[in-house]
Each structure stands twice: as structure tokens, then as C-alpha cells.
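What follows is a short report on a single structure.
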Amino acid sequence: MIYRETGQYKATYGADQQLFPIVQDRYFFFAFMAFLVIYPVFFGSDYLFQVVLYPVLGLGLCALGLNILTGYCGQISLGTGGFMAIGAYSFFKITTIFPDLNILIIFIFAGLISALFGILIGLPSLRIKGFYLAVTTLAAQFFVEWCINRSDWLSNYSPSHTIGAPPRELFGFLVMGPEAPGSAKYLVMLFIVAVMTLFARNLVRGRIGRSWMAIRDMDIAAELIGIRPLFTKLSAFAIGSFYIGVGGAMHVMFNLENVDPEAFEIFSTSFPILFMIMIGGLGSILGAYMGAAFIVLLPVLLRNAFPFLGIDIASHVIQHIEFMLFGGLIVFFLIVEPAGLARLWQILKEKLRQWPFPY
Amino acid sequence: MVTDHKQIGEALLQVNNVSLSFGAVQALSDVSFEVREHEILAIIGPNGAGKSSMLNVINGFYTANEGSIVYKGISRAKMEPADVARNGVSRTFQNIALFRGMTTLDNIMTGRNTKMHRNFIWQAIYIGPARNEELEHRRKAEEIIDFLEIQAIRKTPVGRLPYGLQKRVELGRALAAEPELLLLDEPMAGMNTEEKEDMCRFILDVNEEFGTTIALIEHDMGVVMDISDRVVVLDYGRKIADGSPDEVRGNQSVIDAYLGVSRE
Amino acid sequence: MDFLYSVTADPVLQIVEDPVFFLQIILEGLMAGVMYSLVALGFCLIYKASGVFNFAQGVMMVLAVMCMVTVYDAGFGILLALLVAMVFMVGLSFAIERVVLRPMVNQPQIILFMATIGLAFFLEGFGEFIFGGSSQKIVPTEALHIGRDALLIPMFGSEIRLQQLDLTAGVCAALLVATLALFFQKTTVGRALRAVADDHQAALSVGIPLRSMWVIVWSVAGLVALVTGIMWGASSSVDFSLVLIAMKAFPVLILGGFTSVPGVIVGGLIIGVGEKVAELYWGDALGGSIEEWFAYVLALVFLMFRPQGLFGEKIIERV
Amino acid sequence: MAANGGALLKVKNVEVIYDHVILVLKGVSFDVPEGGIVALLGANGAGKTTTLKAISNLLRSERGDVTKGSIEYLGERVDQLSSNDLVKKGVIQVMEGRHCFEHLTVEENLLTGAYTRRDGRAEIYKDLELVYDYFPLLKDRRRSQAGYTSGGEQQMTALGRALMARPKMILLDEPSLGLAPQLVEEIFDIVRRLNEDEGVTFLLAEQNTNMALKYADYGYILENGRIVMDGEAATLRENEDVKEFYLGLSSGKRKSYRDVKHYRRRKRWLA
Amino acid sequence: AEDGLYIPMFTYRTGPFAPGGSKIANGLTAYFEMISKRDGGIEGQKIIWEECEFGYKTDRGVECYERLKGKGSLISNPFSTGLTYKLIPKAPVDKIPILSMGYGMSGAADGRWFPWVFNFPTSYWSQASAFIRYVGTEMGGMDNLKGKKIGLIFLESGYGREPIKLFETLGERFGYEFKHWAIPAKQMADQRSQWRKIVRWNPDYMFMWGWGVMNPTAVSRAGEFGYPMDRFIGVWWSGDELDTKPAGIKAKGYRAGTFHAPGAFAEVHKDILKFTYDNDMALAKEHNYGDVLWSRGVFNAMLIAEGLRNAILEFGSNITGEEMRWGLEHIDMTDERLEELGATGFGRPFKVTCSDHEGNGPVLFQEWDGEKWVIVSDWVEPMREIVRPMLEEAAATEAAKWNYTMRDDCT
């Protein structure tokens, strides 16, 4: 009964084009945002920040970038880790060269550099498609890994090529570096994520978003109705990589804080992020975050569940069970709803709307 | 039956001696005809005659081995499909080529893409110019939706629509680009009489109200004879007849190759 | 300038100076290529026959050889060990068909791909649970009659070194590929499998028993995985990090074409040789270990000319 | 006509839901007599395709589910069978929208149709020739990949493929889609010939009502997932509503497509 | 910290490095169990240790760290370079010292910049210098190194990369030529082209900084490609039975560095057998009793216990992370102390100080005789005079990343 759109009429197209055309959605959203701001600031623990919030926000933004590229534009990419590395190392270099530059600006630059690489990597996509393209994007991943492994300059000549998060202030508050309070880092991340998500939302519902989806759904038809494939694909590569670059920089600067090149290795970056968008829902903004939350939280929940239930098993057996459960759940979700968590959420809402009638 | 209230003008598009082959298959050999401004031209012919290939040549998806296409007085041998579309040619497809993951409205809006110009920074911010542009085009899209009477499925993902409605949405998408030349590949396949009537009405209205030139491929002779101004007949990649519906209907080689025993 | 010299003239000079070494590199490249082909073959099979890009292939490979070695280590004979491993893989295919594939008929390729990702996680957890991820296992090469020695062939005053293991792998790969290629092109089942890859629903509608098809293919892929696992396991040791070897298969696959069994071999050989030659003659000038990405770049270059890979089925683009 | 025997196929009160939420068939029941040709008519989205898929068990692969009712073939419930078993029992479907195996050649496509047959190569190749006889164009294209053939050629391939299975019953979903007029006639002739000579039963979903009612014995009209009218084909042909809305005849005369009135209200049997 | 000394154990019995990881974990557990049973804990205080499996994945490790830290962790002991890096900036904030025994960041040896990080008994750089001293001696004097060729094959990661700088510096100093080959993780089980190049260059000595499946593969490849095994020496993470058994008899002659003796011969081992495994040798073997990495776990636990003891003796019960740090900083392993611990011959005396967190322990070399590891060298001293300034410089560079200031309470 609560979730009804009866009586909500839209008199203008503008009203119909709103982000949340249904009033309940809008209230729910604002309430949720308020909760996201308030709760962690007052009650956040290191565990909450380090294990849940930072990874979900940082990786979620990367997932959003990949979702723009893969979910919206249909170009599967396995090079996410490479772009994250580019973002992170760019940020590190710029901020160590210009220690006083506002970090928000540096994030933009890190994103831009990553976008530039994205365009380069995207060039073959005009001819190469599908899984073939996916595999060629691995070239980018491995090439970047190789480069950061080989360049001393990128890590300011650290023997192990590690980069770290230096202490930085934003508007007079310490928001970066190990000493910065957890909630400060969190709020900066949340702010960046919120703004960029809004932008992404605007992009995908506008002309450019429709071009991406057209290319994704049927590239030939799209071309025949006047969409330029190269430009469209490259724009997706550029914007997607921008997001991934910023996300990667955030993930390293706020969350990991000190990493060696291995941190960007494919099994800890590209694949998990791909899984996020697949589980969350290809072509869904909300899905990127739902997927990130799922992938980040599920293991955490599982590990806490056993002790909580009083089951005492060796921790490595928990890990085995976790793998099996995790894999099993992926398969299960796909069977229940291949379009991902975001779609499941939508169906839930649809059911709610029709409630108490089954259909 | 040629209507008198519209002015059929000069040739908008000329197909000159076009030949096209795929390996051993000669899809088109030495085909020439023209499409005149404001007319409805029907292209008919048996299966595999090369009709769809002809449309593909016209909008640049296939490149003719020989011959040329003259559109609005400009001759070309090769042109990118996207550019052809931007020059005012839009089309529908024999095998429905809608963007299945998108809603009806989005599909139609995509048709308007070539008319929108705000860059992506504006779009990301969305306030002001980009929003106004979006709304203005939304209005146009809604006009098309009203025109095609598909209001009810505005927000349905097209993948879920039945075949006939998908065809209609596809027409909507083509119309959204406000084309000068509209190419329709079997727009009425898979429809019953009632729906064909609707479709004919749309085609005629587009032709009459917006003056859009239309070239269509169709297998339903009733439709072809009733709504077209002129008919081109292809058989095994050759043009075997070209003329008014009545002329073509009487043409013996057309009867042999295509119509068979006339049902009418 | 030095750099230019070292990437242009120097490699040529080196080749001319020491042609036997060059020959050695080529041979080694070919051998390595065969090893890659073996891995790629499993992927290719499943893709060709069901349109599924099986991410779990690497794990399947480890599971197969783990199972074999575990049985052997428990004191049963090698034949029994092989048999048990085969039965295990066939049983696994039944399970996978029932649990994963059956409910996913007619889903887009990407969804099936995702499902295999889930499968990979599951199998890894399952495998470590059953076989113990922490113990190191060693392939009983003597029992399998796989030689571990190097063959030295004298040539122009110097010598060329070949590994018996690599030669064995080569023979296995050749046999497998020949049989499978024939199977796909010449038999009814092969044709039906290709049909399944094209359109699940249409295949169902003409009465192709999708379920048994899948079981067959996954079983065959499981057996290929066993062979592959033995070969790779024998050249180091058997544990779950062997899963990484799967990464070696990707460039081979796209270069040869996902759908082509012979392509897998040719792709493997090209990648093997290209990679070794590049690494040996250009690697150091560029910074070492360029193999990492070179295979991918090589494949990319080929793809620019043939987007479906050398032998892949042409990607049908029509409207 | 050839309609003898009892009901070969019985569809009883079938309800279909897609995606767990979209109710499409709302209790559809009908019978197909052995050796009969039954036509299923109805506007776009009425649920014809869905009905056929429900019978041939292809729904599950589209996330559709038969939630109520039963389907019996030869007195046996078949709604839980796999499509493969159904084909073995002699029921085959020609799917809407061609669904050829793109990468296989036309000939290979046809041969896959004979997958379930066990009567030997010679018989199969004899039928292959028969199909080529029906569709000479396919013979020219036998070595082309089906993905590269024209729309009509694909439709012929799909039809031919089903014929290769030598079925007892064929579910035809819009067989005339995209075919040239004389081929349409030919196809219906083939339908009639198979029906009369070999006793093949047909269930036919067709938009070309005219043709369908000409060749069928019995017809059902489906609207919005419900059967709203049924009757002998001849009777239906004479029904005024059918005439107006499905045959395009008003007061017995075919009206021109040019003269269709604007803003005409569509007839609905159910409010 | 209410009812005992809480030691979180980040272990990896799963994942790509599981075989090594479980041995270490078993060793650690064995020792803690033994002293719990034998002495009832440390100085009468109970030890509580908890395993947290992280599969060598840094993010999982962080989860473990954050979850267990609330229970009063006294030390972080991650046995993973990635996790160590991640924890380094956190240590001073959370006030939990890190012990990265013989791994991690070499620069951490300078306790003035990194008060919270320890890598005693010796660091990679010290070890590398000991390697050079060892082969120099073997060649009949350091002068003979001039013009010789020395190669390094390493796992491409922060860990593998660490010693390069030192080998290069020493190369300039002693006049040998130095080349290195990286093995990316994906090529761990392949390594063919690298070995082809190595054999072609034919260095006088090859060193290896490997881990996991890279080790046995490298040993096998060396054999296959005909590189003489007696000129191939691995780091202490490349010297377990795991690394040589696959190559079997062919690995005979392969050597590896270590900072504790291989095998189980000391009193402490006997006690472990007795108290932990009830003298059941089969059970003990099942838990890797006597394997090199197992011994490493035991050794590690022993040093942690030593740190705890120092802290307890100084501060009494209920010690904190800060006090634990003090305890670690005051470890003084003398011969007497080793004997008390039942570890005579197992380890070698070393001393940690406020400014020296690596203790500058010497390095021992062990050789695979085809069936087991045997000691083949004396304790080789690192080249302190060269290494220390480099460590200090590296520490300063790393510290600059976080704008750290140097501690001034060290003398």
C-alpha cells in the first residue's frame, strides 16, 4: 500500500525525466543518503571503514566505470586493473610533485590520464569485438603492470616500487594519509562518488548514453541510423577509464594507502570488478554499487557468520566454504535473475507495486 | 492509382548500374532505377532477389562492386553508413534491429541522436542547455509515439514486445530522424490485416504530411498495389520491370517470376 | 641510438652469428606453443560446442590432475588413478550440466560466461576442500612413462636441447587435435554441437538433446584438462596456482580463433615462437619479461587483420 | 478433409507467466485432432507464439513458466518433457523469426533437423532431396552459411529443417513470414499435401488469416491471452467480425489500404 | 587482552601460496601450543592465538587485521609482503607493531624512521650482502668477484624487487656484472625463456628471490636447461622441501640461505614433539614437523614469545601494543638465552635496538642433498658497513611518503 504510484501524474516531460519519478523512491533515496552521511561519521569503526565502506565506494566507482564501458556500451574489458593503476600512480606522482595542489583537482587529472590511455586501448574496438576484444584488453592490463614494475620513477625510486598515500589536506582538514580520521576520508570518498555517480546517471540517460546502449545492443543497426561507432566506443572507453582511474586512485589513496604493483594484478582488480558489474547488473548504475557491496560484503558476512552461529571450524576451511558458497551464489543469482541484483531489486519493486496481487 | 494532391518531383536518389556480388553469389547485377522526391516506391521480387541488398547498398552498409549511387545530386561509390544516415536517409530492417535492452522511448530518442549536439560535459551536468535539448527532443519523440499510437508501451523494454509492435517501434525510430528518404524493409511482415491497415496509414501519412520519400520492400501485393506510386521489380539480382503498379501487375515476366497465379 | 641499435640491428646480428641458437629458440617456442595449445584446447572445445567461454577451465585442469595424483599417492596404481580421474571429470560434467547449464539455456553468452566464473570459484573451494589446497603434489612421471630428460642433438659444432616432456606434450596435442577436428567436422554429433553453439533454442526445437550434448563436451574438455594438467604439472608441481596457466591460453585462443580446433594449434605455435623470439632478442632491450604482454599484442596485431582470428568462423554481420 | 481420429494434442486451461510477473496466457484450452490442421489466429501480442512454445517446451529457456493447466499429447502429459523427447515423439516446432544456425551452411542446417532420426543416411538424404525439390532456391545456396542468406531463404531453411525430422505433428509459427506470394501458396500447398498424404497434423499460428483459414479445418482466435472465438474454418470465414478485422473485408468487398479510415476503433471482444 | 596475550595469526592455507603458508602456520601453532602446555604461557600469562585465513589476499588480510585488532592484537605478523605494506602506515596509528621476519620492507630496519616495524633477525639487504660474501669466499676471496657474472631471478613483486638495488651497488663495489630476470606471477610455472637467457649468459652464480610454485619450477628448469645446480642459490623463501622435491635428485646441490638451521634437532623441537604432538611422530610429520618453513614458523613464534616476555618482565601483565613494541625492541638473543630457549644451533645470537630493527643477524647456507636439507656453511656475516647506510637512506625515502619525522629518543 505504501509503494503506490497511483495519483502521481507528470504534467511535463521534465517531470517525467526526473531521476526519481516516483515520490517514494525519492524519499527513500534522500533518507538513505542521509543515513550514509550520518551513521558512519558518528558510529563508524575502523572495521566498518576499512573493510566495508572504503572498498565499496572505491571499487564501486571502478565498477561504475567498467559498467559504462561494458554494461552500457557493450565492450567487455579485462583491463580495469591497468586503469586503476594508471589512476593511482598518476595521483601519486602529481601529488608528490605538487604537494599543495588541491586533491580534488589531482583526482580529475588522474582520471584524465587514465581516460587518455582508455582511448588508446579503445582504438582496436572498431574492428575487434566481443570476447576477442576482451582478451585484447588484457594486453593493456599486462602492459601497464609491466610498466609500473619496471619504472623506478613512477614510485619515486622506491626499491619495491610501492606508492603510498601522503598526508593531504582539503579545505584545511586532514583527509588523506594514515593519520587522517576515518570519517574524513570517508566523506571525501562519498562526495566524489556521489558527484560522479550523478554525472554518470545524467550521461546514461542522455544522448551519449543512448548511443552507447545502441552500440551495445546492435552495433550495425546503430551505425545505420547515424551513430558513429568509433566515436561512441571511444567516448565510452574514455569516460569509463576516467571513472576507473579516479576510482583506482581513491582506492589506493584512501583505502590501501601503501601498495606495490602487485595490488593491481588482474586477479585482485580486473576480475573482481567485472564480477561486480555482472552480479550487480550490466547496464545499471545502482547495480555497480550493489555488485560492489555484494562482492565485498559476502565474504565478510560469511566469515563473521560462522563464529556468530557458534560453529567452530578452522579458518581455512571457512575459506573453502566461502569459495564454494560464493561461487554457488553467483550461479544461483544468475539462474534466478541473469540481469543482476539491480534487476532483482526492480522486480521486487514491481511486485510491491502490484501487491497484494501476484501479477 | 496515383494521388493528385502531392507533387512528385525530381529524382532524389539514382541508382546507376549497380552490381554486387558475394563470392559466387551475384546479388545484384547492373540495376538502375531512381527514387523521386515525395513518391512511394515499392521494390518487390522473389526471395533472394537482392532487394534487401539493394537497400544495404543505398545506405552504405554494402559497397557496390560496380555502379554508383547519386543522392541529392551527389554521386558516391563509398560512404560510411553513419554519414548516409546523417544525410537524411533512415531505414527499418527485415530482421528487426531494435536495441533490445532499451525502452520504446529510448529507441525512438536514439533515432534523434543525429539531431542533438550538446557535448558530454553539458550532458553530465544536465542542468540548462543539455536538459532543454533533451526535453525538446523528447517532445518530438512523443509526437511520434502519439502518431504511431504506441503510448502504452512507452517505457517497456522493446525486447518484450510482440513482433508487430516491434516493427512499429522500428518505424518510429526511423521517423524520429526526420528523414528525407525512408527505406522500409518488409514493414508489414508478420502482421494481420488490421495491423497492416494501421501500418499503411502511417506510411501514407508520413508520405503525405511530411512529404517524406519512401522506398519500401514488401511481399503483400495488396499493400504494394494500393499504396505505392511506382514499383521496381527485381529477380535474381536484375531489374525486370519498373513502372506504375498497374503496369507492373500486367507485366508477364513479373507474373512468371513473382506473382504466380494472381490471387486477386 | 643505442636503443635503436639494440632493437633493430642487434637481433639480426645475433641471429646471423649464432643460427643454432636461433633454431633452438624456434624449437623451444614451438614446444612452448604446444603446451599453450593444450590449455587453449579445453576452452576452444567448450566454446565451439556450446558458445560458453569457460572460465573454470583452469580450475578443472588442476582438479583433474589433483585427483589423479591423490589417488596415485594413496597407493593405487597409475592406471586406476587415471581411470578415477576420468570418472571424476565425467561425473563433474554431469553435475555442471545439471546445476549450472540446464537452467541457463538460451541465456546470452556473457551470462553463461559469468556462470562459469561462479563455477570456477566453487570448484576451487571444493577442490581445496577435498584435495587439501595446502599440500604439494608431484606428478608421478616415471609411472606415466614421461621422460624428464633433455635430448641433446649436436648441430654445427654446438648442440640443441629438447625436453622429452615437451615432445610428449606435442604428441598428445597432435593426437587430440586431429581427433577432435575430425569429430567436429565429420560427425552428426559434431554438427549438432556447432548448432548448439549458434542458437540454443533452435537446437532444442529440432530435437538436439542439449543436456547430453553438454555432458559430452564438458567430459571431453575434462579429459583434455587432465592431459593438460599432467603435462603442466609434470613440469613443476601440482597446486592451485597452476590455474594461472589459463591466462596463457587466451592469446592463443583469439589468435587461432575461438571456434577452431586446428586454430588452437596454429595459434599456439605462433604465440610460442613469437613470444620466445621476442623475449630472447628484444626482451632485454625493452626491459625484460615482455612475454607478459607480447603474446597479447601479437594476437592484437593479427586480429586487426582478421577480427575472428586466423581460423575462426567469420563473425556474421548482417542486417 | 484429413481430420479423422481423436484429439492428438489437448491444451487445457494453460496459464503462462514470463519473468515471474508478466501473465501472458490466461487459461487457454483447445484441441488439435489427429490429422487436422488447426489455425491459431490473433493480433500482435495475443499470445500465439507463447502458446506454441508452451506446447513444445521452449518456454523455460525464455524465463517463461506454465503455471497452470496441462498439455497432453497422445493422451500423455508432455508439459514436463524435454523438447528433445517431444521431437522424438514426433512434435516439432518451426520457430517464429527463422532461428537458423548462422554459422552452419544451409545444408548442414537441414541435416540437423534429422538429428533425432534413426532410419539411416539413405532415408535422410532422400528427404534432403525432397526439401530441395520444395525449395529449389535452397539447393543453389546449400553451401552458403545460413547467416548470409536472405530473409526468405532463411525462412525456407527453417521450414525445411523441420520437415527433415519427419514429424507427426508440426507447430508452425508464422510460416509465411517474409516469403514471396507464390512461395506462400506453395508452402500452404506443402502443408496440405503432407497433411493429406502423410497424415501430418498441423497447428498453425499465422497472421495471414486469409491463407490460414483457407487451408485449416478449424480455427481459434486468441485475444490478450484468451481464446475468444473458435469454429470451423469455413464458419469463421463467414463471421462478420472476422471478415472485418482479420480479413480486411468490409461488407464483403476488400477495401483498399489507401482508404482506411483514420482513428478507427479497434474491435475488442473483451472489454 | 583481558584473559591473555592475544596474538592474531594471519595465515594462508588456501590460495596460490597455500603449501608454504600452511607449513608456516603449523610451525607457529606448534610452538605456541607447546609453550602453552609446557609453561602455561609466557611468564604465567596465557597466550591466545587465533588463525585468520586470508589466502595471501591483501584485502582479506585487512579484514582479519581490523576484526582481530579489537580483541587486543599485540602484533601483526603477516607473512605476506602485500599485507605488510598495507599495515606499515597503520601500525603507528593503531599502535600495533609489525614483525616481518626476514621479509617486507628492508628500510624498516631503521627503527628511527619506522619505530613500529621490525624485520629481525635480518633483512633482505643484509642477506643479499651475505650472499655476495659467501660466493666471494667460495671463489677464494672477494677480489675474485671482479669480472664475474652474477644473476638474479625473482618473483615480479615488491618482494622480489627488493634486493636488486643492493646487488647493483655491491656490483659496482666488487666489480661483478649483475643481471636480473623477473618472473611475473603468471609465468611462475613456465620460466622457459628466462632460463634460456640465463643459460646463454651463463652467470657464475644465480640467485633466486622466489616464492610459491616459482621455486620448484626454477629448480626444475635449471636442471632441464643444464644450469649447474651448485651455482644456484635461493633466498630463504626458496629453500623449503617444497621447492626441491618436485625436481627430486636433480635438485641435488641446490643451496638456499636461511637464518635458522634446517631440521628438527634442538631441544625446542623435542619439546614440541612431546607437548604438541604427544610424541606421535606421524602426527607431527603430518603437520610438517621438521620442514624448513615449519621451522621458520617455530622460530618466528619463538621470537614473538621473546618479545612478549621482555614486555611482561618490564611492564607486568596486561601489556599493550606499545609495550610489546618495547619488548621487541629489547630482544637480545645471546647464546645463553638461546640455550634457555632450547634453541642452541637453531638460531644465532642477534640483538635488536631502538635504531636497529633488523638485528643484523648472519645468514646460514643449506644444501639439498637429494633427500633433505643439510647445512653447508658457517654463519656468514652481512656487510654492515655497506648495508646500513643504504637502509637508512631507503628508510628516509619511504618515510618521506608520509611526512614522518625521525625519532629522537634512540641513541
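Labels for the chains are A, B, C, D and E, by order of writing; each one numbers its residues from 1.
We adopt the following convention: contacts are C-beta pairs under 8 Å (C-beta built on N, C-alpha and C of every residue); 3 or more make two chains touch, one makes a residue touch a chain.
None of these values were measured; they are calculated from a predicted model.
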Neighbouring chains common to subunit B and subunit D, by label: A, C
Taking each chain's C-alpha mean as its centre, the one farthest from subunit A: D
Selected interface, A-D versus C-D, where C-beta contact pairs are more numerous: C-D
Euclidean distance of C-alpha centroids - subunit A vs subunit B, Å: 41
Intercentroid distance (Cα basis), subunit E paired with subunit B, Å: 74
Distance from subunit E to subunit C - Cα centre to Cα centre, in angstrom: 36
Two or more partner chains touched - positions in subunit D: 22, 148
Shared interface positions of subunit C, touching two or more other chains: 128, 133-134, 247, 288-289, 292, 318-319
Subunit A, residues touching no fewer than two other chains: 145-146, 220-221, 224, 316, 319-320, 323
Inter-chain touch pairs (all): A-B, A-C, A-D, A-E, B-C, B-D, C-D, C-E
Residues of subunit A that touch subunit D when the two form their complex: 347, 350-351, 354, 359
List of subunit A residues in touch with subunit C within their complex: 76, 124, 127-132, 135-136, 138-139, 142-143, 145-146, 150, 220-221, 224, 266, 271, 275, 278-279, 282, 316-317, 319-331, 334-335, 338
Contact set on subunit C toward subunit D in their complex: 105-106, 188, 191-192, 194-195, 197-211, 259, 313-314, 316, 318
In the complex, subunit C residues that touch subunit B: 318-319
Interface residues, subunit E side, partner subunit A - complex: 11-14, 22, 51-53, 55, 57-60, 62-63, 66-67, 69-70, 81-82, 85-86, 88-90, 92-94, 105-107, 156-159, 161-162, 164-165, 182, 184-185, 394, 397-398, 401-403
